[in-house]
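By written order: A, B, C and D. Residues from 1 in each chain.
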Amino acid sequence: MTVHTGRHFLQIPGPTNVPDRVLRAMDMPTLDHRGPEFAELGLHVIAAMQRVFRTKQPVIIYPSSGTGAWEAAIVNTLSSGDKVLMAETGQFATLWRGLAEKFKLDIDFVPGDWRHGADLAEIEKRLAADKSHAIKAVMIVHNETSTGCVTHPQDVRKIMDRVKHPALLMVDTVSGLGSLEYEHDAWGIDVSVAGSQKGLMLPPGLGFNAVSDKALAASKTNSSFRSYWDWEEIIAANKLGSWPYTPATNLLYALKEGVAMLEEEGLDNVFARHKRHGAAARAAVKAWGLETVSIESHDHSPALTAVLMPEGHDADKFRKVVLENFDMSLGTGLNKWKGKIFRIGHIGHFNDLMLMGTLAGVEMGLELAKVPHRAGGVMAAMDVLTGKSVVPMTKAAVA
Amino acid sequence: MTVHTGRHFLQIPGPTNVPDRVLRAMDMPTLDHRGPEFAELGLHVIAAMQRVFRTKQPVIIYPSSGTGAWEAAIVNTLSSGDKVLMAETGQFATLWRGLAEKFKLDIDFVPGDWRHGADLAEIEKRLAADKSHAIKAVMIVHNETSTGCVTHPQDVRKIMDRVKHPALLMVDTVSGLGSLEYEHDAWGIDVSVAGSQKGLMLPPGLGFNAVSDKALAASKTNSSFRSYWDWEEIIAANKLGSWPYTPATNLLYALKEGVAMLEEEGLDNVFARHKRHGAAARAAVKAWGLETVSIESHDHSPALTAVLMPEGHDADKFRKVVLENFDMSLGTGLNKWKGKIFRIGHIGHFNDLMLMGTLAGVEMGLELAKVPHRAGGVMAAMDVLTGKSVVPMTKAAVA
Amino acid sequence: MTVHTGRHFLQIPGPTNVPDRVLRAMDMPTLDHRGPEFAELGLHVIAAMQRVFRTKQPVIIYPSSGTGAWEAAIVNTLSSGDKVLMAETGQFATLWRGLAEKFKLDIDFVPGDWRHGADLAEIEKRLAADKSHAIKAVMIVHNETSTGCVTHPQDVRKIMDRVKHPALLMVDTVSGLGSLEYEHDAWGIDVSVAGSQKGLMLPPGLGFNAVSDKALAASKTNSSFRSYWDWEEIIAANKLGSWPYTPATNLLYALKEGVAMLEEEGLDNVFARHKRHGAAARAAVKAWGLETVSIESHDHSPALTAVLMPEGHDADKFRKVVLENFDMSLGTGLNKWKGKIFRIGHIGHFNDLMLMGTLAGVEMGLELAKVPHRAGGVMAAMDVLTGKSVVPMTKAAVA
Amino acid sequence: MTVHTGRHFLQIPGPTNVPDRVLRAMDMPTLDHRGPEFAELGLHVIAAMQRVFRTKQPVIIYPSSGTGAWEAAIVNTLSSGDKVLMAETGQFATLWRGLAEKFKLDIDFVPGDWRHGADLAEIEKRLAADKSHAIKAVMIVHNETSTGCVTHPQDVRKIMDRVKHPALLMVDTVSGLGSLEYEHDAWGIDVSVAGSQKGLMLPPGLGFNAVSDKALAASKTNSSFRSYWDWEEIIAANKLGSWPYTPATNLLYALKEGVAMLEEEGLDNVFARHKRHGAAARAAVKAWGLETVSIESHDHSPALTAVLMPEGHDADKFRKVVLENFDMSLGTGLNKWKGKIFRIGHIGHFNDLMLMGTLAGVEMGLELAKVPHRAGGVMAAMDVLTGKSVVPMTKAAVA
């Protein structure tokens, strides 16, 4: 049995630290999912999620992981053989591609070095070249959780408008929603994909799609087999606050509370808080003499900071030292970054002192694991938080 | 806002009343799903579910509704055009059939009157006639939640053995598992389908497949598109107590506790308790001068009792009277039973006095809704519970 | 370990069934009891309790049992040798008397038979005879939890006014408050004593005094040693929402929620609900051919029903049968009623079906314990709840 | 409404951060306090508290604050006019003295400067001079929460033995128990006083007395009025796991879990953890160029660190800055320290990263509040935690 002498620091970039209010909301007796009290809840959470996605169009809530919502985006709108344009931003883009391959999509994968957002120039080039509009969808990861690099969906939208490409724009904002600005309607997103366990501050177990009319129209003519993920039936049932199958009632209680908390703080304040924490974390990394995976200021994620280990030092060994000495979980390096980076999550229910505990844990872990570094990261982070050092805000930060 | 002056009686046949211990277990901080503490939990719950299914073969746990586990059973083992034999036992059999149709299976649907278990004679006839073994799977609902009629999977297995048919045997035991005897291995089931929100006493949000080697072999050669539901990757990850995507961590805490409670009571005691409550409920119905949907003693479900309304009386109007006067949710009539029956759930975390409160609520509701009936159902039920009236045990009860 | 296969029925007359909302409210991180967020809570719960006591005068909240609040009433206003008039209504009156004896009060104890409220005629006689006003306080138990007999404080107030006696009127309403009408100001009560674990629907751990200006004035000149229970310091600190010592923070969260629930239902509805349940319980007792301890309709408690066992049958043996067979706790007979009565609590978070489960448990327990009785109590109770039998309302019921 | 964007840092020296396990344990339905399941709990927690106090003699658990347990110690063993020797170590010693005065004890108060443990030389002198043994009790505060100075009870015991003084030794270990070594039996303590909301990691609401045979004997001949606090009845009832009045059931659930957590970690590890955190906190204070209230290494508390503000700077203004900017509650200066010191609690459910978040909050608060200080406290603390700087252990630390 693991002995926790205080609170575990869950600083992976999701699942994130779930607020007590959300846990307690979830911890209430399950309701009849066909009764009037539930219907009220159902309508409430759907409207709440529309506000979070900033959309007036349908939001679908699945009992699923975020992965399930990826699959839903595909099976509703695309068929085997359909051409799609994806961008290699990291492991989650790669996994989504893998999923798309299982459904036999024809994938044009814009290469990337896992240290940047999507290659926008290349995307524009390929879209412009696609005169026949063979590309049915452009699929982008908003906040690439494996690298801490952001691809701004509005940048992609501008490109598509510029080259007048009619493809659907699909965005995975699993670890972006509720942490970074997101505008499903204003940015012209056709399918947004999200999950409960990041900025929404819930345990894992809910997946989301926000869908545009255009996406809905595409789904009507799409012949891919689907049932569980099928939008149509769900949207129909949702009008009365119900679902075609038993929804994950208690996670919906949690969702109501999570969104209430986001709105009490104010979404804009939530976004500003994440940016501030991102800036402080990067200041720490710099002071340690280490390098963030993300290079360009336009790409830095406000939700997590991925850090390169010095050559010859294993990131997972370091993470183990941190876990065993300081009861903190850091994110592992995924796929090609395995052992080479670690990731600091600062998404969700979080504040300055939790961040400082986190960064102190990293700094002490570097010391104990004998990873070459300079002391003082925590000092640099405090200077950002107290405003002593003025941080040049990233474009993300002022978007 | 609904005012509850005491505990709501959630007597639909699932979701069921979730024990405080399970809710409280769920109400704990989310863990790193890639860390060692989680791995211990992962291995624990998989083993626990193997004991509940009574299998030594893999059990897959999905973040999904039970419906998702239906879909998983199909997409892993069957392809469009495959012939399957299903039996019309009620609404859930019909829904599963509808799902199978969406995946373009070729369905042979043995008709039923929604008042019995599956027509075993007809199943045997059709299987025997299928000399070419075109039928790839026999798909049966164990406890038909829409009617309260049981189809005993071991009966179907005996038929298949008798006619030496090699089809897969797939069983939906969503509302059976943890309430009625179930033996995945001993009964030669190939795919079992279950959900968290019935006999396992959890909130909705988890779906389950238990799979045989034969089903696994079938999945290896099956070319149906799938990713989320794909067994292979999950089984591989499960060996280390992890999942290929973020599992519904907090529902897994709940699952650990729910199975612990079943095992503290003892599964055999759990089954006996449900039978006793079923017998008491049926005694009440009989005393009221009403009729259960289920006719044959072999078919009576220990988990719920569906009751026919007297001609000219609307079941949903009656349910509304009960809800508004007594804060009790009863199950609605589904599909062709709409308005004609109501269902009394006695699954899960339940005891004699909860049952008596439930039956008293029905009897008083009949009175207030002016439904013709005789008083005394609660008396008859008490006689069963105290042993004053010896109830001829159904075959289900002694299975 | 005790195995509970469903919810335990906690039908002692307190502690009562605590609502999930109250438990969950209590289950939140403890706050700084000297900070601004706590101060808001402090002011909130004091105001809330004033509304429940129906007073504009101070309410003091102790981290204590109700017994502590008894002691507080005494040590703040009375000194050793002071004469007080008490009435023997049952065990709690007797215990309060015992406490008063420990503080060397000179107690005039009006005798009673433990089957009625206080002997008002005798009280009037003794007060009238006390021309010198030696009696400093009249101390009455509102709802005598050991017998289910009510003494109406307003009746006592009328007597005191009639004979123009200036003694303080002190009322133990531990099991009355939040279940029966109570008017601290309008009825001219000087010290009210209450506890958290009855009609307020909280776990035990808080005691209350509501005090009049007259009582406060008495406390100022009273020289009894006291510190923990001293009103003065607490009232002073309470003005800022704080306490002179660390208050039971999490029980205060519970209190906020408990009162919120009472007010959502409406106190008058709460009282009517208790009366209705009392009437139904008494109808059941009558139908069983048993006798309630309370004899006069003016005295019947809406909060609990005490039942006499037939001669030669041990009430505690019966209670054991009920506990072991039906997982229900009934109240034991106290002191001279030991073994001779059992008590059915229907206070607090309660509804018709919980009552019916309770009464069914009693009826089945009588059967299993072979206690002579007629069947049909549950039927009689249902007739009251459905309005089929019109119950002559007690004076308590229309007060 | 206060918006918390992450967890509040409750760094007052009690109430302390309550572990989720303890909160969740408390959040379970209330039991019949006269039933067998409760009796098991009662016996369990009494035995558990005996292990924590390291005593085989009775432990009494009150529904009360720690203040109540102070009063209990006095009213059980002492009468008005009795002479007692107390030592002015700070506000809590002063408050206990105030309480003793209310009960008209004759108090010899050994003066102190609120920056040290008790003046042991002076205590020895006064005890030695008391040839007639007029002094009935020596009353000491183990861990003076208002200053962070420890008086080691075993030191006092040695003095009493040396001068062969038969007075009772009473120790307030409210904020010591469960954080600092404590040996009720081995150190010859007669009455120990404790509370739930510090090292036991519970919410406030329980007070404790551990009592020696000698103290019990004294109580038998002591004529002070008492009822609620009376040991005798409670000890008698406790033998069967019950109480003479309704105990605070749900706080007892919490107590069971809190002690379980202490024992899973191991009490010796718990003590070592607190010392380590104390050393790190003092290193931070020193690095800031500030001064701890506690001067001598023998006196430093492992449970909290009190810090002197630079002349001309108001501690409460600083605390407000910290609360508003960093959602952290620090302890205020009490009485003569009002405005001049702040206190950092590191008691209870706590770990290195929580400490680092705490110290970072202090350092950033000093910056924002423009309190003169040197940066680098957090660095110095990290050096202690990583073992880079070897801290000369205080005698307390090696006791």
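Methods note: contacts are C-beta pairs under 8 Å (C-beta built on N, C-alpha and C of every residue); 3 or more make two chains touch, one makes a residue touch a chain.
Owing to the predicted nature of the structure, the values given are computational and were not obtained by experimental measurement.
S.K.: Rotation angle for the CA superposition of chain C on chain D, to the nearest 5°?
M.R.: The best-fit rotation has an angle of 180 degrees.
S.K.: In terms of residue numbering, is the interface formed by chain A and chain B classified as same (over half shared) or different (under half shared)?
M.R.: same
S.K.: Chain A to chain B: how many Å between their CA centres?
M.R.: 35
S.K.: Between chain B and chain C, tell me the centre distance in angstrom, where each centre is the average of that chain's C-alpha atoms.
M.R.: Chain B and chain C have C-alpha centres separated by 45 Å.
S.K.: Mind pulling the chain C residues that touch 2 or more other chains?
M.R.: Within chain C, residues 7, 17, 24, 27-29 contact more than one other chain.
S.K.: Could you pull out which chain A residues touch chain C in their complex?
M.R.: Touching chain C: residues 20-21, 24, 27-29 of chain A.
S.K.: Please name which positions on chain C make contact with chain D in the complex.
M.R.: 2, 7-8, 10, 12, 14-18, 23-24, 26-37, 63-68, 71, 80, 98-99, 102-104, 195, 197, 203-205, 224-228, 230, 244-251, 323, 329, 332
S.K.: Which chain A residues qualify as touching chain D in the complex?
M.R.: 1, 3-7, 9, 17, 19-20, 27, 264-265, 270, 273, 325-328, 349-358, 360-361, 363-364, 367-368, 375-376, 378-379, 382, 385-386, 388
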